[in-house]
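This structure is in structure tokens; I'll ask about it shortly.
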Amino acid sequence: MINSKAASIKAELISNKKAGSYHHMVFSVGELAAHCKPGNFVAIKVGGPTSAMVLRRAFAIYRASMRSDGMGLLELVVAPHGNGSKWLAAQEAGSVIDLIAPLGTSFGIPVQPVNALLVGGGYGSAPLFALAETLKQRGCRVDMVLGASTAAKIYAPLEGKRSVNSLTITTDDGSAGTLGRVSDVLGQLIKENEIDVIYSCGPMAMLQAITEISTAHDVVHQCSVEESMACGIGVCMTCVLPVEGDDGVVRMTRTCVDGPVMDGNKVLWSSSREIPDGVWGK
Amino acid sequence: MINSKAASIKAELISNKKAGSYHHMVFSVGELAAHCKPGNFVAIKVGGPTSAMVLRRAFAIYRASMRSDGMGLLELVVAPHGNGSKWLAAQEAGSVIDLIAPLGTSFGIPVQPVNALLVGGGYGSAPLFALAETLKQRGCRVDMVLGASTAAKIYAPLEGKRSVNSLTITTDDGSAGTLGRVSDVLGQLIKENEIDVIYSCGPMAMLQAITEISTAHDVVHQCSVEESMACGIGVCMTCVLPVEGDDGVVRMTRTCVDGPVMDGNKVLWSSSREIPDGVWGK
Amino acid sequence: MSINFSTSIAGRFFPTPIFTASGCAGSGKELSQFFPLTSLGAIVTKSIMIKPRSGRATPRMAETPSGMLNSIGLQGPGIDLFLENDIPWLRDQGARIIVSIAGESVEDYAVLARRLRSVQGISALEVNISCPNVENRGQVFACDPATAADAISAVRRNIGGELPIIAKLSPDVTDIVSIAKSVVDAGADGLALINTLLGMVIDTNSMLPKLSQKTGGLSGPAVRPVAVRAIYQVRAALPEIPIVGMGGVTSGRDAFELVLAGANAVSIGTATFGDPLAAMSITRELEEIVEARGFNNFSDAVGYAHRMEQV
Amino acid sequence: MSINFSTSIAGRFFPTPIFTASGCAGSGKELSQFFPLTSLGAIVTKSIMIKPRSGRATPRMAETPSGMLNSIGLQGPGIDLFLENDIPWLRDQGARIIVSIAGESVEDYAVLARRLRSVQGISALEVNISCPNVENRGQVFACDPATAADAISAVRRNIGGELPIIAKLSPDVTDIVSIAKSVVDAGADGLALINTLLGMVIDTNSMLPKLSQKTGGLSGPAVRPVAVRAIYQVRAALPEIPIVGMGGVTSGRDAFELVLAGANAVSIGTATFGDPLAAMSITRELEEIVEARGFNNFSDAVGYAHRMEQV
């Protein structure tokens, strides 16, 4: 079911700052901020009143907080990519933005302290810092791996780095950290730090690679997936993935309401453009 | 043929001020300003890069001037009406606007001093003030009639008023000047001021009414017409009116290249949605 | 004093003329978080088939200028689970329900009609015939007057006398009026116009079609002029048939345009994706416009753009 | 090193694959003020008929979301004045010329073909068959395989062996592939896809259709997904036939999308109204994209989105 706290509001953009290849954007969202959990996302209307873009864009919540003066803040990390995200990144403080939040599922927080490994690709690191803080408060050990094609695409603000026990960086071009992909360093980190659970967010191919490793090492894997979404609220059925349910049946499952955070080990990853065999209703 | 000076440029918006129901907007257009004559229009791209609006909007040139420092200014009077004009009127100084200018025909200026009556409806007064100045410089007597539905829709800036011998105002609701329409006061003004030529700009129904009066009084009538234009440069054939040519043949004639200024007495005004009989090619 | 904003389709009463479009509101659960479903004229449910269906592989959508493509492929739980879960829930909400059905053969439509004929609390059946007919080389039912009529007759014969049948037509045809006449002759009590247009987007990076199944259905404001034309043509040819109009409606102004063309009710599809509350704001705006134009009854505005021809 | 950006249609050579679309560039005079016509692959002239023609009454256009409707009604001077004035002028410019013709009867097409067969300096004939056939209850030629073929055969029989014939098809049909095959069988050397879609806008103030003749042709980015689909389908069915693609192209990316679908050349229509220099920027951008994607020859990119099916 849709996130029971979801509401549609007009939010004022409080600040918009460039950070590497990304824009760090802060919105005033009032009480809504109190309902946002790590892993939830927002759906934003882009392009203004006479825009040719008819669909909202989804963005992971980087951080949500209630200030002592009662102001609720919502922060996003936006990569200017196509028309919609470029429009958003170009908005100036003071603009009023139409957004729906919070949407989707959130990362499951363990009741007992565990050793957690957080893995982010590109802007996929966004929801991991708030998650790291929460995990730390619960007494978890938190290690983090961030990967991207190049140094400017690693999003890792200073205050974020402070909340993790270790931070490993990989880049495809070697411009920062280790040359290679996050999956190249995972196996060792899992062993070294006796990881119980992996939390990940990033491109689908990365999530699939992590799932292979997590299965091999028999660790829990909660990942935040990213399928194209038309509505973000569960009514259009565009955002589905084949996911195994508690009853053992694999269904095409909406990632906007039953995700974006899903059990990576239950997802039938596939790079083909066909419904895998065995899916309910195929 | 298309105005031989027409060019497509990016112009900076220098100022945008509300004036009654209208916006007075000033653009920096460089040398182009020197080529703009009273009656010419500009075609402006509206809505920004991801806009659903694919067509330009036409605006009569209110004034064009070369400043002594070499800066060329182009001024428009914009009525926020539908999506395009509202977008334009909402632009702030510093914005860069894509415009094509100058386009279309201009008002014919008599070689000898004559008695001229300038008639404007709504924002149709825009091109008449620059025309009034030119006529004055040629030694003409210039009377002006401006009409609109209500006082706020009369556009008559102070400096504009100074350049005419008399100014008569009519409004449909009587909120300024005489209650009624411009056509109600024309007959008398023509007689009183021994008018030789009428210059007009405004809604098509007004131009038709003026043509009836100008024909009855046997005065020349140059009017600036306003048909829906898709291209503004003569390639689409959407903007046509039935107009009698020098050879006596009535053709569907493009108002963007053979207008907007036309000989009112040669236009076959018609409120029906049919091609009048006798038009070439019907 | 406020106007009479209700409408009726084949004898069924709806307090407002704004419906959801099939496939764009699921079975109402998600939208009910944003507004009470009773404030809709009716909810038209996602087209249901006999068996559970996985639909097509992703990517299933692509945004296009002022529109979008979708190729959901009729994912759904099948009629059994639908009747078990969705209908009782909707009834509990007090919503007016129009059930959309889809089949791959004439027999499918017959079976679905039989399953639905005695279900309580349904206002009408919308028959989505924009589906490939597996018995006829995958040709879409709605693309031929004869196969379109076959599907509708199958429903007519099996539905009993109670439930009105609304046939939903595809705009991807040479002559939509002939299809409309054919399904009305076959027993449709009303028409829904228009389904999506067949389109395609190619990803210029991968240099392959963006959707997994290549083609998809085009919807949204981009197609509104096609919807208005189809509704106008069918209204002119069949002055008495109730029409549920849809295609690119995002505002009260847009809904009013379809009403003037001849729609007795207007369904909201893609606009809901941009704004979950779209149906509500459109309802409000449409009522204001209808009143501002001087109509006392909504129904007087239906087809009003045809008035010059009636003289 | 720059790529080979030329294309050929039925044996005729064009240095670049970007053309103007018929009816969207007049006969080139106005655009020549913005750029030399020689930098176009070809100029496709406004469809010309036998006699002078007033076209339809205004309003002739309405803007729509990401598109526009037009109902010009083929206003033009007739073939005599066209050959007297426009062709010599275009020849003087050194432009490559594709002449578009339109008729109201099969005989009209025959007459026009005979008038054009020996005219010097024309690269090809585009045959606009989206015209009402006065001999057949006003049904549009392009809407039926047989009448479409009749018009094309008439041109084929009368044109002689020299001039390639490009048949321009309407997307407003149930099955565009069958029309395409029919006109190719009738002698078309190439196809132009797509003409406008039939649409309507109702003015919600006057509550009447906005265009004087009610319906008009929908063009612009809104229809691009329909154009891509039509080109893809026809390219798949007829791998060897040259296709001139058009429909909503406003950028090099858009043009490339049509090329990947199967277009050997791309015509620019509505985009020119938004920007007189559109054809020039699209040419530049397309060349950059084709090169960036690693093609040495433009023609290797034509239909490249079909490559998975050819395996």
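Every chain is named by a letter (A, B, C and D) in the order it is written, and numbering of its residues begins at 1.
The rule we apply is simple: a contact is a pair of C-beta atoms (placed from the backbone, for glycine too) under 8 Å apart; a residue touches a chain by one contact, two chains touch by 3 or more.
Keep in mind it's a predicted model, so treat the numbers as computed, not measured.
Visitor: Within the chain touch network, how many edges lie on the shortest path between subunit A and subunit B?
Guide: 1
Visitor: Quickly list, by label, the chains bordering both subunit B and subunit C.
Guide: A, D
Visitor: Greatest Cα-centroid separation from subunit A: which chain?
Guide: Looking at centroid distances, B is the chain farthest away.
Visitor: Taking each chain's centre as the mean of its CA atoms, how far is subunit C from subunit D in angstrom?
Guide: About 34 Å, centre to centre.
Visitor: Quick one: report the Å distance separating subunit A from subunit C, using the average Cα coordinate of each chain.
Guide: 35
Visitor: Need the CA-centroid distance for the pair subunit A / subunit D, whole Å please.
Guide: 46
Visitor: If a residue has to touch 2 or more other chains to count, which residues of subunit D qualify?
Guide: 65-67, 220-221
Visitor: Where in subunit B do residues touch two or more other chains at once?
Guide: 52-53
Visitor: Linking chains that touch, what shape results: line, ring, star, complete or other?
Guide: complete
Visitor: Within their complex, state which residues of subunit B touch subunit D.
Guide: For subunit B paired with subunit D, touching residues are 1-2, 4, 6, 8, 45, 52-56, 98, 100, 227-228, 230-242, 251-252, 257, 272-275, 279-282.
Visitor: Tell me, which parts of subunit A touch subunit B in their complex?
Guide: Residues in contact with subunit B: 47-53, 83, 87.
Visitor: Which bits of subunit C are touching subunit D when the two form their complex?
Guide: 64-67, 69, 143-144, 172-175, 197-202, 204, 207-209, 214-215, 218, 220-226, 228-229, 232, 248, 253, 256-257, 260-261, 289, 293, 304-305, 307-308
Visitor: Using the touch definition up top, name the residues of subunit A that touch subunit D in the complex.
Guide: So the residues of subunit A in touch with subunit D come to 52.
Visitor: Which bits of subunit C are touching subunit B when the two form their complex?
Guide: Residues in contact with subunit B: 65-66, 221.
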